[in-house]
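Here the structure is laid out as C-alpha cells; the discussion comes afterwards.
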Amino acid sequence: MLRLTPPEYHTIENTSSFQANYGGGEANVAISLARFGHQAYFVSRLPDNQLGDSAIRYLKGYNVNTKYVDRGGTNIGIYFLEVGFGGRNSKVLYNRKYAAITSIKEDYFDFDEIFKESKWFHFSGITLALGDKVRNVLYKMLEYAHKHNVTVSFDCNYRKTLWSVEEAKEHYLKVLPYVDVLFASKFDAVKLFDVKTSSEDLGEVDEREVFKKLIDKSKVAKIFGTKRKIYTATDNELSAYCYTKDKCFTTEPTRFNIYDRIGGGDAFAAGIINCMIKYPNDIDYTLEFGLATSVLKHTLWGDAFMLSERDVKNYMKNNIASVNR
Amino acid sequence: MLRLTPPEYHTIENTSSFQANYGGGEANVAISLARFGHQAYFVSRLPDNQLGDSAIRYLKGYNVNTKYVDRGGTNIGIYFLEVGFGGRNSKVLYNRKYAAITSIKEDYFDFDEIFKESKWFHFSGITLALGDKVRNVLYKMLEYAHKHNVTVSFDCNYRKTLWSVEEAKEHYLKVLPYVDVLFASKFDAVKLFDVKTSSEDLGEVDEREVFKKLIDKSKVAKIFGTKRKIYTATDNELSAYCYTKDKCFTTEPTRFNIYDRIGGGDAFAAGIINCMIKYPNDIDYTLEFGLATSVLKHTLWGDAFMLSERDVKNYMKNNIASVNR
Amino acid sequence: MLRLTPPEYHTIENTSSFQANYGGGEANVAISLARFGHQAYFVSRLPDNQLGDSAIRYLKGYNVNTKYVDRGGTNIGIYFLEVGFGGRNSKVLYNRKYAAITSIKEDYFDFDEIFKESKWFHFSGITLALGDKVRNVLYKMLEYAHKHNVTVSFDCNYRKTLWSVEEAKEHYLKVLPYVDVLFASKFDAVKLFDVKTSSEDLGEVDEREVFKKLIDKSKVAKIFGTKRKIYTATDNELSAYCYTKDKCFTTEPTRFNIYDRIGGGDAFAAGIINCMIKYPNDIDYTLEFGLATSVLKHTLWGDAFMLSERDVKNYMKNNIASVNR
Amino acid sequence: MLRLTPPEYHTIENTSSFQANYGGGEANVAISLARFGHQAYFVSRLPDNQLGDSAIRYLKGYNVNTKYVDRGGTNIGIYFLEVGFGGRNSKVLYNRKYAAITSIKEDYFDFDEIFKESKWFHFSGITLALGDKVRNVLYKMLEYAHKHNVTVSFDCNYRKTLWSVEEAKEHYLKVLPYVDVLFASKFDAVKLFDVKTSSEDLGEVDEREVFKKLIDKSKVAKIFGTKRKIYTATDNELSAYCYTKDKCFTTEPTRFNIYDRIGGGDAFAAGIINCMIKYPNDIDYTLEFGLATSVLKHTLWGDAFMLSERDVKNYMKNNIASVNR
Amino acid sequence: MLRLTPPEYHTIENTSSFQANYGGGEANVAISLARFGHQAYFVSRLPDNQLGDSAIRYLKGYNVNTKYVDRGGTNIGIYFLEVGFGGRNSKVLYNRKYAAITSIKEDYFDFDEIFKESKWFHFSGITLALGDKVRNVLYKMLEYAHKHNVTVSFDCNYRKTLWSVEEAKEHYLKVLPYVDVLFASKFDAVKLFDVKTSSEDLGEVDEREVFKKLIDKSKVAKIFGTKRKIYTATDNELSAYCYTKDKCFTTEPTRFNIYDRIGGGDAFAAGIINCMIKYPNDIDYTLEFGLATSVLKHTLWGDAFMLSERDVKNYMKNNIASVNR
Amino acid sequence: MLRLTPPEYHTIENTSSFQANYGGGEANVAISLARFGHQAYFVSRLPDNQLGDSAIRYLKGYNVNTKYVDRGGTNIGIYFLEVGFGGRNSKVLYNRKYAAITSIKEDYFDFDEIFKESKWFHFSGITLALGDKVRNVLYKMLEYAHKHNVTVSFDCNYRKTLWSVEEAKEHYLKVLPYVDVLFASKFDAVKLFDVKTSSEDLGEVDEREVFKKLIDKSKVAKIFGTKRKIYTATDNELSAYCYTKDKCFTTEPTRFNIYDRIGGGDAFAAGIINCMIKYPNDIDYTLEFGLATSVLKHTLWGDAFMLSERDVKNYMKNNIASVNR
C-alpha cells in the first residue's frame, strides 16, 4: 500500500503535501526479515503502473524477492495517516477499496514452486478481510504450506473498520487449523476463535485459561502478543507474552517515545519469527528481541523496521541512547 | 478530486512526497468564475471525511458555494500527475474508480431550488463518463436548466482512457439538445456528435463546414475551442476560435511558457463564460479574454485559474511580464 | 495577522524560510466556533492586497463569514514566532505597528445590521490595545450589543509589550460595564479592574474574594480562566476555573505535550462559549470541554483549534491517544 | 530589508511558506563589491532584535563591514515578492512603512570617520524616498563625501509606488550637484532632473542630447544605464550604455534566462563601480563587465550578486554554460 | 558515488540543504540497461556503512545485481553539484579522494564466475583514473572478458581535473586493444589514443580520417559519440555519430531543455548498448535511440536514465510532449 | 567540518536529502564566545573552494575572525549525523580522512602575531587526533601561548573511533604541561593522563582523589566536567563539577529535552570560559552558567550555541519556558 502522511504533525485537512512511503503488514514483516538476513519473498498483486513499480522497487531495494508479485488492476491501495501528537489521536483514512490485490487470481501462482523451498509462511488478518479472491489464494497457500511442511504464522490484526466480528469469525476459524504460531490477544481468542469463557466480561476472563483452550483445540504451538499502555500519542509502554501448551513467558514492560507508531506489531512479529528460526529454543530471548524490535520500529519513520540485528542487540544491552561516534 | 504531484519535476517512481491540491473540471471553472466576481455553486458528492472536508474548505475559500455538495462514500477521486519537462511528457495516473461521486443520488438534490435563480449551468464530458448514477443526476439537471431557462455550456473534454468513442457517443448525443454553448474540436463534432463529413480523413475535413452542420442540427449557438501547438512540455502555442451560425472568429496564436498545464482548458471555458455574461455581444474580446485566461493559468501551480480579471486585462494589454512594484 | 514561523524549531536568526499561517485572537475564536457548528462573523479591517485576500480566504474556508471585514491600509499585522523547545523559550517579534486595523473607521459599519440577529459578541484585550480608532469602533459595538441584548464576552489577554498597566487600566474599566462573561486571572482583576485587596502581595490574595468583588461591582455573571504549570516549553499542565456570584467550579489539572502553544487561550474561550450556548446550565461540563479544547489546540500547528466537537468529546472520554483505524 | 518569497513560483495567496533572504539596493551593491575584493561598508539602521541581527549576520558573512549600522526601532522593512513565470508578472508587496531606517538620526554617525578613508559612496533613489530623516542623513553624507573627495554614484531607481514624480523631483535635483557617476534613464533625466526637451513625447526625444544636457548642467562625468527588452518573465534581453561629456558607449544586446530578477540593476551598478575603480580608463570593458554581472545576477536566487570576478570573466569569455568539472 | 545537490538552483555557498542521490558512470549505465530489460551487474567497492548500504539499496531497487560489490574502506566518493541556470555554469566539486573503490583488491573477485555468462562489459575513463588498484582490477577484467568472448565497450570520458593527458595516455593505450565498441571524440582519438594527424590544430583535422585510423590500428569495430551545442545551461543541442571501418552514420541535431545534465553521456552509452544487443544490424536506429535516451535523461533529476524503452520510443515518434491521460 | 543530517529523524539510509551546517569543536566554542561578546579567532585550514568559502562565511557571520584560516587542500571534513529518537541511538559517520586540515603547515602562521594580544587559547582532543601535521602546529601554538602568557584550556574529548587509548596517551601527556584549565572526566585522568589509582575498576575509583593527583602533577588549576544520565535519546540529565587544588564544586542535576545533542560539550566549555574571563572568582556561578549554556545548546539545531548571554541568564532564573511576548 501507498501511505500518504502530512509532514510535521499537520492534519489531513491542513497539509499542502504528503510524504509517501510504502507499507502493509506482510510487506513490513518481509522487509524486516530480509534485514535480519533471511531470504524473504512477497506474494501479492500490484497495479501495472508507476505506483506499482515504486512499491516493487522499494521491496527489492530492501532485499525482498518480488518474483511472486502479479501485476494488474488500476488502483493501488492507499491510506492517509494523520500522525497524532500528545493527546491528539492518530487517524487513518483508507482508500483501499478495489485495490489491485482484491482481484488477485490463484491461477497466476505456481504454489508448489513457491513453497517447495520455503521454511516459513506468514500472513495477517487484514489480508483475510480483503474479499473472496484474496481468501481463495490464501487458502490455497495454506494448503500448499501444509503439503510442504512449512511453518505457518498468523497475525490476527482484526480491524473493525474492515468487517464485523460476525463476518470475520467464519474466516478466522477457517484458517486456524493451519496455524503453528499465532499472534493474538485475549479478545481475538474469545471473539474470533470462539474460545468459551466462564464470564461474559472479557476483563474478568483469565488470559492464561483462554490461550490454553485455544492451543488445546488447534495445532497452534505458541501464541505471542504484546500489551500496550498509552500515556500519550508519543509515550507508550509495551510488554510481550508467549503462551505455549504448558507455559507462559512474559517480559517486563518498557516505556518509550514514539516517532511513528504504524508497523509496531509487524516489527514484533518479524522479531519473533527471526528468533524462532535462529534460536528456536530460547523463548525468553525471542520475546525480548521481538519487543526490542517493536520498540525500535516506533522510533523510525515508515511502516517497516529498517535497522539491523546488531541495532536490536545494542538496544537490548543498553536500553539507552548514546551517540555512536 | 485530489491531485498528487511529485515536486520539482520528479517522476512518480522517484518522489518521496507529493504536493496536494484539489481540482476537477467543473470545480476549476467554478473557482475561476468566482474570482471574476460571479456567484458560483458547485454540485457534486464528496466523501464525508477529512479529505472531503479539505476539498470543501478549498472551494469555500475561493468563494464557491458548496451547499449543493452531498457528502458520503469512502473514496475521494485521486489522480497522480507527473509533470513533464522539455521532451518528456506529463503523465496522469487515475485512482478515481469508485470515487464518492459515482454513487451520487438524484433524490438528494432539490433541482428547482438549484436552478430557479441560476443564469448559467456548465458541465464537462469527464463527468459524463463517470457512470449511470452521475449521468442520471446530470440529465435531471439539464431538464431543470431547460425548465428555468438557464444557459447551458458543455465542454466536450473526451478522454479516451475513460471510455471508447463508441461508448461515449450515445451520451454526448443525449446531452446535445440541451446545450447552448459548446466547447468542442472538429474531432468531437465528427466522432462524438456524429456530424457527417465528405472525407474519412479528419485532417482533410473543413472545420467550418463541420461546425456549421453541428450548429444547424442543434440549438447550440456558439462553439468555442482552442488549437495547441506543442514545442516542448513547457513551450506551447495556443489560438482560439468561435463559430456561430454564420460567422467564424479567431485569434492570433500566442506562444508561452508552461508551469502547470492542467486546467488550461477549464480556464479558457471560465474566461469565455465570464465574458459571455458580462459582454455578451463582443465575441472578439471574449475570445481574447478566454485565451489570455488560459495562458495565464498555464503559469500557475494548481488546476484552477486564481488571478483576477485585472490580471487578465493587464496581460492582454502588455503581453509581457515586467515587475509590478 | 500573518504569523511567520521558522520550521523545525529553528531560531529566527538561523532560518532560511518561514511557515505562514493566519491568526489573531478573535479570528481564532471565530474559526473554532464555526468548527463547533455556530455561524461566526469576523469584524475587522485587512489590507486590500493579496495578503489581505489570503487572510479572507483562510477565514472563509473555515466557514467564518467575512462580510464585515473592511479592506484598506497598506500593512498587514505580522508576527514572527520562534518556537521554543525544552528549556528554550518561545519568542514573539511583533511587526504590527500601523497594521490596517489601526486605521479602522466606525462609519464603515452598519452596527444595527451586525447585531440585530447576533447572540454573542466576543473581543479581547489585545484589540483594546490597538489604539483609539480601534477602541472607538469597539465601544460602538459594545453599545449596539447592549441595545440588541447580545451576550458579551471579554478575554483580558493583557500584553505588557503593548502597553503598561497604567495605560491599559482606563480602557479595561471602560469596557467592563458591558461584559457578561469574563476571561480573567487574579492579576487582571486586581491590576486592570482595580479590585481592592487586603494585601499588596498578589500571591497572598485570595482569588475567590477578588473575583467575588469583581462580580459584585459589575454585571459580569461568570469569570473563567486557566492556570498553567510549565515543566518545559513542550510539557505543561493546565486546570480551569469558573467563578459565579456564589460558586466556584474547578477541574483537575491535566498534563500534556505541546506542539504549538499559540492560541491555547483562544481555544479555551471558544470551548467555553460553545458550551454556554449549547448547554447553558452545565458549568462543570463547560469547564471540562473548554479545557479539553485548549489542550487539543496545543497539539495542533497554527493559531486556531481546527478539530471537531466529536474530537473534543473523544479526548474527554479517553484522555489517551490510540490510533483511529 | 527582509524579502519573503513564496517558493516554486507560487502566488502570495497560495503559498504556505516563504523563503527568506535579506536585500535592498545599497546592501546588494555592498555585497557584490565585497565579492569583487573591495572593502565595503554599509551605513543604515536596523531594529535591535533577531531580524536585525540576521540582516547583520548576512552582511558580515559576505564581508561587508557593518560597524556603521545603528540599531533601534521595532519594524524591519519587509517586502513580499511573487515571482512571475512566463506571461505572468512578478509582483512586489511592500510592508516597509515605519521600518527602522525611517527613524535614522544623523547624530549617531561620525561622518568624518566614515569618509576619511573612503574612495566611493553609492546610494539609490529608493533610499531618497524614505522620508526626511533618511534624507537628512543622506545630505550630510553627501557633504562629507564632497569634503573628503570621495566619488559619489547615484542610482536613480525611481519607484512610482513610493512617491510621485512631482514629490521626487525636488530631492533628485537636490542631490544632483554631488553626483559624479549617475545610473539613469532618459525618463530620469527628463522627469526627475528636469532636462528640457524639444518634444513632449519621451519616445521621440534623442537620448544622446538629453544626457549631454544633463552632464552639461552638473558635475556628473558618466551616465550609465541598461535597456531591457522583455520577452517573458523569464526571458529578457539587456544592453548597456555609458554617456560621457563627448562620447557614447554601448554594448550589443544579450538575451538570457531569468531565475530571480530582483537586484539586476544593483549588480550592474556594482559591476560598473568595480571596473571604474580597477580599470578607470576602459569604459568598453567596464560596460561589458557591468552587463555580465547583471546577467549572471538574474540566474541567482536572492537580491545580491554572489559570484566572483572570475565567474564574470568566464561568462564574458564563453557566453555559454558548460559544466565545470 | 553520493551526489549532493543544492535544491532549486541555489549555489553551494548559499544552500542550507543538499538533495542526495547516487550515481557514477558505470552505475548509471547499469541502471539504464536494467530498465531496458537486461540483467545488469555492477562490479565495484563501497564502504561497509549506511552510505554504502544506501547505494546498494538504490542499485538493487533498480534491478541491478550487486553481488560483485565488495564492501570496505571508510569514505564514499562524494561530489557536490551546483546546477547552473541560463548563462551560469554548473559546477562540480569532488570529494572523492580515498573513496572506498581506490582500495579495491583483485583477490576479492572470481573473474571466471563474473564473465562466464556475460555478454557485454562496459567501463569508463573516469574509473581508469582512480589509481593503480582500480586499474589492476580493470586490466584483470579486460583479460577475462577477452577469455570469455565478452564484448567490451569503453567510454573515454577523459576528465582533466583527474589527470593530465600525458598521465592518462599510457592507460588509454593500454586498454585500447581490448575494446570492441568505443565512445570517443576526435580529441580522445588524437590526444589519448595517439592517432597521428596532418595538422596540429584539432579544429582542422578531419574527424572521419582520424576515426578510420583509430579503427585500423585496433580491434574497435564501432566508434560512437555525440556533438553538443550549448545555447544556455538549460538549452542545448545534440547530434550523434557512429563510425565503422567503412561507414559514417549521423543523426540530425535535436535541441532540447535541460533539467539535469549529469549522466547524459551515460544514457547515450546505455541506449547504444541496448540496441546493439537487441538490433545489432540497425545502426541508424541505434543512433536515434541512443540520442533519444540521452535527451530524455536531460529532463530527469538524478544521474541515471530511469524511464522505459517505451518512453524512448514514444519520444522518437512524437518528439513532442503532450499529456498522457 | 560540514555536517550533513537527514531531516526529521530519518536514517541515513532512508533520507533523500541532508540538512547542511558547519561545525567542529573549536569552531563551536569560538562562535559561542563571540555571541557572549568576546573577540574570537579561529585558527585552521579549509579547502580553497565553495565549501571552504561557506564555512568561512558561516564563521564571519557569527563574528568569528577568520584571518588565521589557511586555505588549501581538496577535501572538507564531512560527517553524517543520524539523529536518534527515543530508544534509537544517534549515529555519526565520519568522512574526514584527508580533510584539508590534516595537511596544515606551521610556516603559514605567524604565531607571535596570533598570540601577542590574546588572552585565552582553547583546543580539543579531537584536533589532537588528526595526525602529525596538525599536532606540530598545535605544539607550536602551545609554546607561543606559554611565551605570551595566554591561558590554555583543553577539552579532552577522546574519541575511540579516531585512535586507541594507547595511541592517544602519548599526545595527551605531551600537551598536559601547557594546560591551565582542563575539561576532563575520571576516565580521561586515569587512562589518558596516567593518574595511578588504587583499584583497576574505574567505577570504584574516587573521582576526587584522581583529579587531585592530576592537578598535583601538572600546572592545571581547574578541572571542569559534566555527568550525563541518559533516559532516552531526547531526555537526558546533566550535572557539572569543578575541581581545584583543594576544593570541589558541583551543581544539582538538571533534566531536559534534547533537540540536537551535538555540541553540548563545546557549549559547556564556552560557558565556562566566558565566566572565567568575566567573573574569575565565582566558580559556582561559572558552573551554573556553563551547565545552562550546555542545556540550552541541546535545544538548538546545529553544533554551536547561538543564543545570547541574556538568554542563558533568563534560563538560569526561570528554569522554565514561557512565551516571550
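Which chain is which? They are A, B, C, D, E and F, in the order written, and residues in each are numbered from 1.
In the analysis below, a contact is a pair of C-beta atoms (placed from the backbone, for glycine too) under 8 Å apart; a residue touches a chain by one contact, two chains touch by 3 or more.
Everything numeric here is computed off the predicted structure, so don't read it as measured data.
Each step here moves to a touching chain, and the least such steps from chain A to chain D number 2. The pair from E-F, B-C or B-D that reproduces the interface of C-F, where over half of the contact pairs by residue number are the same, turns out to be B-D. Chain centres were defined as the mean of their Cα atoms; on that basis the chain farthest from chain E turns out to be C. Averaged Cα coordinates give chain B a centre that lies 63 Å from the centre of chain F.
Note on chain placement: the centre of chain A and the centre of chain B lie 45 Å apart, centres being C-alpha means. Among the residues of chain E, those in touch with two or more other chains are 7-8, 11, 13, 16, 57, 91, 94.
Chain pairs that touch one another: A-B, A-C, A-E, A-F, B-C, B-D, B-E, C-D, C-F, D-E, D-F, E-F. Across the interface of their complex, chain B is touched by residues 57-58, 60-63 of chain C.
Considering their complex, residues 8-11, 13-14, 84-92, 94, 159, 161, 230-235, 261-262 of chain B touch chain E.
Across the complex, chain D meets chain E through its residues 7-8, 256-259, 295-296, 298-302, 306-307, 311, 314-315, 319-325.
If you check the complex, the residues on chain A that touch chain B are 4, 7, 11-13, 15-21, 49-51, 53-54, 57, 74-76, 78, 80, 82, 91, 93-95, 97-98.
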